[in-house]
Each structure stands twice: as C-alpha cells, then as structure tokens.
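What follows is a set of structures to go through.
Across the two complexes that follow, subunit A remains constant while its partner is subunit B and subsequently subunit C.
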Partner chain A sequence: MSRQAQRKIFIFTFLIPTFLFFGIFTLYPISKGMYISLFDWSGSSEHMTFIGLDNFKEIFRDPIVWTAVGNDYFLVLGKVIGIVLLATFFAVAVTRFRIRGQQFFRIAFFIPNIISAVVVGVLWRFVYNPNIGFLNSFLSLFTKEQIRIPWLGEEATALWSILWPSIWAGVGFYFLLLVASILSIPPSLYEAAEIDGASQCRQFWTLTLPLIWEQVKVSILHIVMTTLNGSFVMVLLMTEGGPDNSTQVLGSYLYQMGFRQFHMGFAAALGVIILILSLITTVILQRVLRRDAIEYS
Partner chain B sequence: MKIKKILFVTLIMALVLALAACGSKNKNDESSPSPTGSTSASPEESASSGALEASPAALTGDFEIQYFVGGYGDAWWKDVIDQFQKLNPDLNIKQSAGPKINDQMKPRWIQGSPPDLVYIDGAGSNPRQMIEDDQLLDLTDWIKEAKNADGEKILDVMIAQPEQYGGKTYNIPLVFGSYGTFYDKALFEKNGWEVPADFESFLTLSEKIKAAGISPYVHAGIYPDYILGGFLYPAIISANGDNGDILKDMGDMKEGVFKSEPVLKALNQLREVASKGYIDQGAPAINHTDSQMQFLQHKAAMIPNGLWLESEMKNDAPADFKYGFVPSITQAKGGKYIALPYTSTMAVAKKAKNPEAAKAFIQFIFTKQASLNWAEKTGALMNVKVDLEASKAGETAKNAMKYYNSDNTVVAPVVVFNADVFKVMGDATIALSVGKIKPEEWADRVEAAAAKARK
Partner chain C sequence: MSLSQPTRFFKAVAILVLLLWTAAVLYPLLWTLLSALKDNPQFLTNKPWSLPETPLHWNHFSYVWKTYHFGDYFLNSVYVTVISSVLAILLSATTAYVFARFEFKGSQAMYFVYISAMMIPLILGLVPLFFLLNDFHLINKLNGLVVVYTAWALPFGVFVLFGFFKTLPKELEEASYMDGAGFFRTFFQIMLPMARSGIVSIAIMNALSNWNEYIMGTIFINEPAKYTLPVGIAIMQAEMQYRTEWGPLFAGLLISMVPVILVYILFQRQIAEGITAGAVK
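So, the complex of A and B:
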C-alpha cells in the first residue's frame, strides 16, 4: 500500500464513522421529522394520513403558537442581555481588578452549570413557592403582612420568573469562556495602555471588548440557539406552560401536542418551525454581530 | 508510525464494535415478532377447544401482557400471572412491564405487533386515543356474557361499569377509586368545624376557616385534573338533577353541552368560591405535591384529590393527621353526594395473536379473591365489589367504600375526555378560578375545542 493510500484510509477512518453517526442521529431524524410534519398522525397509530401542509396552516391559525414564539424571543432576549452582561462584568472584575479569591468566584459561578436542569427547575420551584418559598419569606421580612405572591401562577410574573433561573444557571459557562479569553490578551497591551494614561473604563472599551468580541459573539449565538431549542426544559419543570398557556414556548407546546394531546404530525411541524426560526435567527445575528477582526501586535 | 498504527487499529475496532452493536439490536427487533409469528396458529387451537370457562387449562401458545408499574407496584401482577401460569402450564406467558413500558412498547403498537393484553395506566397512555387509533378489540358482546373464574357475571361484580365509546366497550376498568374533598378530622374537631354536607355549608365553613387565618381550599393548579374531578364534574352532575349522563355527553363532545345550564351553574359555583377568596392564592402555581404538602401542614383545610392521597403522602403526614373524605361539596341542600370515579382499564389488542388467552386472563382476575389480593398488595381498590372491612386496605378506601354503598351517593359514570378538549377545559378552569375569564367564555372556549375535535 502506498503512503498516499494509507493516508487516505487513515483519513476516512476518522470521517466515515463520524459522518455515519451524524447521518443516523442528526440528518435522518431531521428529515424524518419533516416527513412526519406532512401527516395527520397521532404518534401511536399504525395509520398516517397525508395532509400536505395543513399542519403548518393550522400552526399559523393557532394563537398559542404566537404566544409561544413571543415567549421564546422574550427568553432569548432576556437571556442574551442578562447572561452576556453578567458574564462580561464578572469576567472583567475577576481578571482585571485583581480581586482576591478569584478561584473561589470561578467555582462559585460555575456551580449552577454542573447542576442538572431538572434540579435547577425543582430548586427554583421551591424558591418561588407561594407559601413556603424562600422569595416570599424573604420579602415578608420587610412587610407587616405575609407576602404570598404566586410567582409562577400569575401571567404577569410567570415568564419573568422562568427567566431568572435560566440566567442564573447559564452565566457560569460564558463567564469561564470570557475569563479565558481575557487572560489570553497579552499583559503588555494593558501595561502600554496604562502608561498612556487610559482609565480602566477606557481599557475595557478599546482593549478588552474588541479582543474578546469573537468569544462574546460565540456566546450570544450559543445562548440564542440553546434557548430556542432548550428553554422548554425549564418551562415544563416550572409551569408546564401554564397558567392558561401564558408561559408556553415552542418546545413545550411541541411536547404538549405530540406526547400529551396525540398530534404528532402537528408537533413535528412545530419542530420544523423551530428549526427554521433558529436558522433565520442565527443567520441574522451572524450578520448583525459581524465586525472586522481586531488584532494588536 | 507505531502509534499511528495502534490508533488506526483501535479506531477500526471501535467502528466494528459500534456496527456490531447496531446489528445485534436489529436482530433483537426482528426476533421479537418472530415467535409471535410462529404461534399464529394458537388462537385457532384455543378456539377449537371450545368455551373458555369449560376448560381454561387448554390455553396454549404465547401470551404477552403489557402492564405499567407505578404506585400500585407489580406484586399483584406477578402473583396473579403466576397463578394463571399454573392453571395453564402450556401457555408461554411473557410480561412486558415497568414504569416506562408505555414508551418502550410504543414502537410495537405502531408497527402493528402489539401485546395481547394491556393494562392502560401511567404517563403516555390514553385509552381513548388507543380506541381512536383503532388498536383495541371490541369487547361489547363478550363482556355482556363473560363470567369470572367463580362463575359470576363480570359486569355484576364490578363497582364501576365499563366506559362506552359510541355505544361500544373496548376497555375493562380494573382499578377503582374516586375523587373527593379531603380534610383533616383532627383539625376539624379541634376547631369545632363541621364537615360540609352541601355547597351552602361549604361556603359557611370556608368563611370560618378563612377567618381563622387558614386557606379554606387548595388545589394543584398545574394539574387541573384535581379541581375538575373534585369540584367541577360533581357540581355539573348535581346541577343536572344527579344525572351523570351529562358527563357522558361531555365526553362524547355533544354540541352545546358545554354551554348547557348545569355546566354554567357549576362554573358559577366555582367562580363564587374563587371570588370570595376561599381558594388558596398560590394554587395556580403549584403542582399536586406542593398542594398536598400545604394541606398536610394545615396551611389549607380542604383539598380536592383522589383516594390515592393517603398512601401517596404516607411518609409526610404528621402523626396526628386523620384523613377525612367527602365525595362532593357542591350539591344543593339535601342533595345527594356525587362520587366521581377514576379508573385504570385493561384492554385486548385488536391485533392480539392470542385474544382467547387475553380474555381468559381477564375472567381469571375479575374475582373477589383477586380483588382482596389487590387491596392488600396495593392499598387501593380493584373494581370488584368486595367486603373490605376484614382486609388491609387503607382507612380512606374503607371510608370511601361506605359512601359508595350508601343510597345517598350517586356514582358518576367513568368518562375519559378527548385530550384536546380536556386540555382546553383545564386551562379555562384555571383561568376562571383566578377571575381571568367568565363562565360564558369558559363555555365558548371549550365548545370551540370540542367542535374542532369532532371534525
């Protein structure tokens, strides 16, 4: 066997299994999902009826879908702003301000990431519990009467109450990402800036931010994608989409329709909508966030 | 170079192993239908053996039973299947059971090679959907005549009769229980509160409890099943002159039934209770465990729930807690109690390979003896009338049984709602209970959902 052939075999041994698994576990389910979205199917029956695009028409007529889309983007926006701001702030504080106990903060912020989403959900359910919850007990310290706000049970507060735990659970990872990226900036740049008399604030805007922008961008995109695809976990754990569907997101509505109300075709169509929305949002964001790469040498 | 080679070999091995794993799985999948295929002759054999009651021992071939294992455990199942096996030594019984069995067996139902007999319970199961999917055998004629192993007619020994879909019977209720309103006898005695016998006394009592600084009524807003089963349905039946047929009409989604007067009257009762502040403010936000904890901690005095409550909260109840149960609290003065039953049912698959064995098994288990066995092994009630006093069934179950045997109690029919209608009904009920919508809007929403489901 020639070296060339050996090399090729070597390369293919890496590519083929990967592609095979990608095909089986990603491409096939996506195409199957698209296929099912064209059928009226209960998800448990032997029989499927082809109905073309009727599921999609139904989706556009369904007011809950529109609520869900709105809620999805509320969570996306809230999480992007909350997580990126907090993560950047903490990362700068830990790296640039030479705070004592850096190591402690790194671990402390990362802990929520190690906890599984289910535990986070249940934990925060207790925080929000109207009668025995931490939040109401805490607030009651400042009032004469016992506060008994059903945070997750009122339409005005329910979605906001899901947002905070999502931010809390998400900050740690992006915090570490940004810390690593700030630490990779050569210290000589900061020294030069200081000699030139740049304030900390100035240093942040002209040095730190441009140089970590790639990581910020990746963070934003990652938050957007994971939120659109995964926020249903928190919703299902904390409110099940209620009260009166006011906290429903597309993912939780998909689950509700597919596995509880036996409209698997409709659910698959919702899945296709989630896919399309994620793609569009990501592409738009890529454009919006594009900046010229900055390198100081 | 050597390292490269080792890496290469390892990768190849990994790939081969992965493929082999896939391959063997496929083989398994194929092998499971094949034994059933080979026994396709068995129904004929057993059919030729004549009437079942005459010689149940004649059963042969394969017989597969699917049962969900949840709060009731599997001790009873293992026991009765063991007995059935001893009676039919030539029958090859396969048990497909577990807490996730509904998901695990789903592919089999979709592919059209279901088990012979199924006990429908647990998440991901809905008998109504199985009927709509044309998966269950029509048992209408068979159940009319079927006798149990003791020679009694099965329909005669049942507490709740089988539900009917379009006049046909597909599933046989195995577990029996009922919704109702629970309270702590000890707490009531301590405060001198009287157990409500009708809606009026419920309101008076609630006012007293509220004045004492306790929430009169708490329910699990995340799962509206509780307030529907413990409050709204009984209220509707009471308002319909104690006639449970209206619930059947609701289940059948008859046009206009959700706008009918009894329904609106019941909704207004709920609205009254809500607007007077008798329902715990936190209710919409909490699930069943939260609401039950609140009840056990005396932060709420009454709770709509099911007979399983006592065993579910066994480890959490304070030592002096004494469960009290009243089937309904919404009837007019002097009106009868409405007991709203819930059941978990059994059914024979339409594509069962051995339906005779499945039917024989049903006949075998619908006996008083099996029922007592069930009560002792699970602490709950099986759907066969039996004297519980001597048994080890829970206090609540025994108390409840007294109500069912009383002339002053109407046992409502068992109805399983269309999943879409049920969801809308639950959402609307919670919305009504917080004053977001009016009863008329409730009716409009549910009528619209029913109209859509009828198509």
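So, the complex of A and C:
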C-alpha cells in the first residue's frame, strides 16, 4: 500500500469514531433542539405541530421568563464580583505578600470545586435549614428567642441564599488560574519596582493587574458563560425555582417545562434563548473588557 | 528585606482572610464526618456545630450502603466514570493528534466545530438527547450515561490535547518513520506516551466531572437500581421530608466525597496543570 493511502486510512480511522460520537450525541441534539423550538410538542405523542415562532412569542409574554432572566443576571453579576474579588485577593496574597503555605492554600481552596453540586446543595440546605440549620442557630446565639428564618423559602432571601454557595464553590478554580498567571510574571519587574520605591499597593495596580488582566478577563467570561449555562443545577437542588417561581432561572424553567410539564417545544425555545443570551453577553463583555495588552520588556 | 508599616498591616489582614476562607472550605468536610456520626435527637436538640455524643454511630455508613443502596450507586458511578473517561481520552487524543499533525481539506473547519461546541449550553440539547437515547434504548441504562458523558467531554479534550501534541517536536515522528514504523505504531508507541501528562490531566478532570454529574443522571435514569451517587443523594435528600435521617444522609455525602478527595490529593499536580493548560493559553 502506498504511503499516501496509509496516511488516508490513518486519518479516517482516527477522525471518524470521534466525529460520529460528537455528531450524534452533541451536534445532532443541539441542532434538533433549535428545530423543536419551532413546534408545539408534548414529547409523548407523534404529533408535532409546526407553529413557527409562537413559542418565542409565548416566552416574551410569560412573566416567569422575565423573572428568570433577571435572576440569571443577578447570579452572573453576584458571582463575577464575588469570585473575581476573592480569587484575585487570595492570589495576590499568597504570591506577593510573602505568606507561607502557598501550596497548602492552593490545595485547600480548590476542594469545593471537586465536590458534586449535589453535595454542595445538601450541605448548604442544611446551613439554611430554618429549625436546626447553622445560620439560624448561630444568629440565635445573639437573641433571646430562637430565630427561624426560612432562608430558602422566602422571596426576599432565597436568591441571595443561592448566590453564596455558588461563590463558595467557584472561587478555587479562578484562584488557581490567577496564581499561575501571577507566578508567570518575571520577578525582575517586581525587583525594579521595589528599587523605585513602589508600594505593594502601587505594584498591584501598575504591575500585577495589567499583567494578569488577560486571565482576569478569561475568568470573567468563563464565569458568565458557566453561570448562564449551568446555574440552574444549583437552583434545582436548592429551591427548585421556588418559592412561587421567584428563584427560577431560564435553565431551571426549561427543566420544569420540559421534563415535568412535557411542554417540549417551549422548553427547547428556552434553550435557544439561553444560547442567544450567552452569546450576546460574551460578545458585549469582550468589547467592554478590551484593554490594550501591556507588555513590559 | 523589611516590609513597611502599612504593608505589615495588609499582610495581617490578608493572613486572617486566608485563614477564614481555609476554615470555610475545610470545616464542611470535617463537619460532614462529625454529623454522619450523630443520631436524630442530637440534630434536633444540640447545636449543629456540637461534637457527636458517644457512642458514635459508625453504623450509619453500612446503613446507607445497604438500606439506601449506596453500595449499588457507588458501583454504578464507578462504572460510568471509568468507562466514559477512558473512552473520551481515546477518542479525543486520536482526533487531536490528527488535527495537530496532518493537514487535509476541511481540517481547520472541523477543529473549529469542536471548539465552538464548548460555547454551546449543554441544556439546549437535553430535550432531544432524551428522545435520542430513548430511540437507542439507552434510557435507564448506565451505558446511556457513558455515551453522553463521553460525547460531552470531547471538545475540551480535543482542544487541550491539540495544544499538547503541537508542542511535541516533529523529529520524534520523523525518526520513527525512518525506522519503518507506520502511522499507527508511531502514534501508540511514541506520541501517546509522550503526551502522558496532558492525557492524565484530562482523564482526571473528566473523571471528576462525570463522578459528580447530576442533571443528565437524573433525567436519563429513572430506575432506582441504576442511580449514580449524586442522583441517589438528591433522592435521599428529597425523602428527608417524610423520614428524617440526617446522620445517614451525611454518611452518604461522605461516601461520595471521599474517593474524589483521595484522587484529588494524589493527582493534585496534574489537575492544576489541566486547569492552566485549558485556560491560561
């Protein structure tokens, strides 16, 4: 067999199985999802009625969708601020403040990231448990009467109560990312800054932050995408969208409409909306966060 | 070098905050263990942070393992995790290698399709995926989860391993071809072992996310005997409304967490590498 033929066979055998898997179980469901969004379909019956954009019209009229979009962006904003601030602070502290135990902090802080969302959900639900939970028991130390606030059961507190575990479980990953980024800055730059008498604070603003900005940006975009696409897992585990749909996000509403109420076309259309929102948001953010890359030579 | 006064203050604050966060991430692990050893009355009357009373209820572990079938869930999780991680590595390494080393018509477009798929929300495909698996008779089958977990891990695997193979020197293959080895032998005997560290990172990250995965597990499996651990825990938590067994619930959490934490401590370096490989570049 000629070398050329061997090469062809090799390329095909290495590409085809992977692409079949990927095509059948990723590309096909995604495109089928967009297709189904144009139909009225309960899933079980053979009848799929083409209704054009009616699902989308229904979505725009549905007040729960608007609540869900608001909640999605509340979680995005809360997680971006909380995670980026904490991760940056921790990363600067263990690298630039000459604090010992860098390796220990790196190992410890990542632990929440490797634990299943289900476990995180159960643990935090116990924290918020109105009768025997951590939070109320702690607060009751300072009051005469036993406090019994149903943190996850009241509209005023439920969404905030979902935000904290999401931040807690997210920081470690971005912390590791930023530590790696700061460690890759040449130490000579800091030495020069010290000789010039720049304070730690000044070194952070003029040296560290500009040089890790690329990673901060990546982190922000990554948080935004994973939140819009994945925060529904936490919502389902903590409140199932309640009370009274007040903590619903688009993903959890999709889950409920699709797999509880068998409103498949509507659910698929919600999926399309999530895709569009996450694309638009990342494109806009990429523009907003653009800042000329600074290179010190 | 001596630090100036304000820096010393900042440093003290920083250490304090770091220690607080350390407590926030480590204490829940300890607390889960302590709580697994308590019986119901201790939960209802004592403070949540109080230590368990003797005798310690170690039997909660065997209790969830048998009565709540966590033993079965554990084996199901092991099966799904191991098979899908190995499959995903094999499938993504082969394709990544071809993209990294062989030019052919459409190779760039194909690579782009894989990479773009990382941006697509998984949830968009859930509804059709359910019916697709149903057509293949893979609903309520562990192999259904294997197939889905494998497929969803491919884009990230291809992306990272592509970068890995790119960094390996081409001379390696040229020498191998000179020795008369074919493409396949060169890949499996020379290139694959060379990319070992990247492959281990990806395999572990896949394994962790498959072990922890909940949503697809709960949608595609509705038969209690086939539950994976996260699904089993969620179901048990939901049942808490009817029969309260806090101690066994936390014992169940621990059964799910311990393997993950062991793997994490053993492979800490590779996991950190995997993260930076995926994002810093």
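Everything below uses one rule, namely that the second predicted complex is superposed on the first by the 271 of 297 C-alpha atoms of A that agree within 3 Å, B and C clash if a C-alpha of one lies under 4 Å from a C-alpha of the other, contacts with A are read in each partner's own complex, and residues count from 1 in each chain.
Everything that follows uses one rule, which is that a residue touches a chain if its C-beta (ideal position, glycine included) is under 8 Å from a C-beta of that chain, and two chains touch if they have at least 3 such contacts.
Owing to the predicted nature of the structure, the values given are computational and were not obtained by experimental measurement.
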* So if we stack both complexes on subunit A, do subunit B and subunit C clash, or do they fit? -> clash
* May I ask you to decide whether A:14 touches subunit B, subunit C, both, or neither, giving the answer as first, second, both or neither? => both
* Asked: So, A:130: does it touch subunit B (first), subunit C (second), both, or neither?
  -> first
* To do: Would you check which partner chain A:38 touches, where first means subunit B only, second means subunit C only, and both and neither mean what they say?
  => neither
* To do: Considering only touches as defined above, state whether A:212 meets subunit B (first), subunit C (second), both or neither.
  => neither
* To do: Report the partner of subunit A that touches more of its residues: subunit B or subunit C.
  => C
* Does subunit B (first) or subunit C (second) touch A:245, or do both, or does neither? -> first
* To do: Identify the partner contact of A:47: answer first if only subunit B is touched, second if only subunit C is, both if each is, neither if none is.
  => first
* With the two structures laid over each other on chain A, which partner does A:172 touch: subunit B (first), subunit C (second), both, or neither? -> second
* To do: Considering only touches as defined above, state whether A:150 meets subunit B (first), subunit C (second), both or neither.
  => first
* Touch check for A:262: first (subunit B), second (subunit C), both, or neither? -> first
* To do: Select, from 169-177, 205-213 or 259-267, the region of subunit C that bumps into subunit B once both structures are placed on the shared chain.
  => 169-177
* Name the residues of subunit A shared by its contacts with subunit B and its contacts with subunit C. => 10, 13-14, 17, 125, 131-132, 259
* subunit A partner contacts - residues on subunit B that touch it in the complex -> 4, 8, 11-12, 14-15, 18, 106, 109-112, 124, 126, 129-130, 132-135, 221-223, 280-286, 290, 293-294, 297, 299, 419-420, 423, 427-428, 430-431, 434, 436
* Structure fact -> In the complex, subunit A touches subunit B at residues 9-10, 13-14, 16-17, 42, 44-47, 125, 128-132, 148, 150-155, 158, 239-240, 242-245, 256, 259-263
* Structure fact -> As the complex stands, subunit A meets subunit C at residues 6-7, 10-11, 13-15, 17-19, 21-22, 24-30, 32-34, 36, 43, 86, 89-90, 93-94, 97-99, 105-112, 114-119, 121-123, 125-126, 131-134, 137, 168, 171-173, 176-177, 180-181, 184, 194, 199-201, 215, 218-219, 222, 225, 228-230, 232-233, 236-237, 251, 254-255, 258-259, 264, 267-268, 271-272, 274-275, 278-279, 282
* Under the touch definition given earlier, write down the residues of subunit C that touch subunit A in their complex. => 1, 3-4, 6-7, 10-11, 14-15, 17-18, 21-22, 24-26, 28-29, 32, 43-44, 47-49, 91-92, 94-95, 97-98, 102, 104, 110, 113-114, 117, 119-132, 147-148, 150-152, 154-155, 158, 182-184, 187, 208, 211-215, 219, 229-231, 233-234, 237, 246, 249, 253, 256-257, 260-261, 264-265, 268, 271-272, 275-276, 279-280
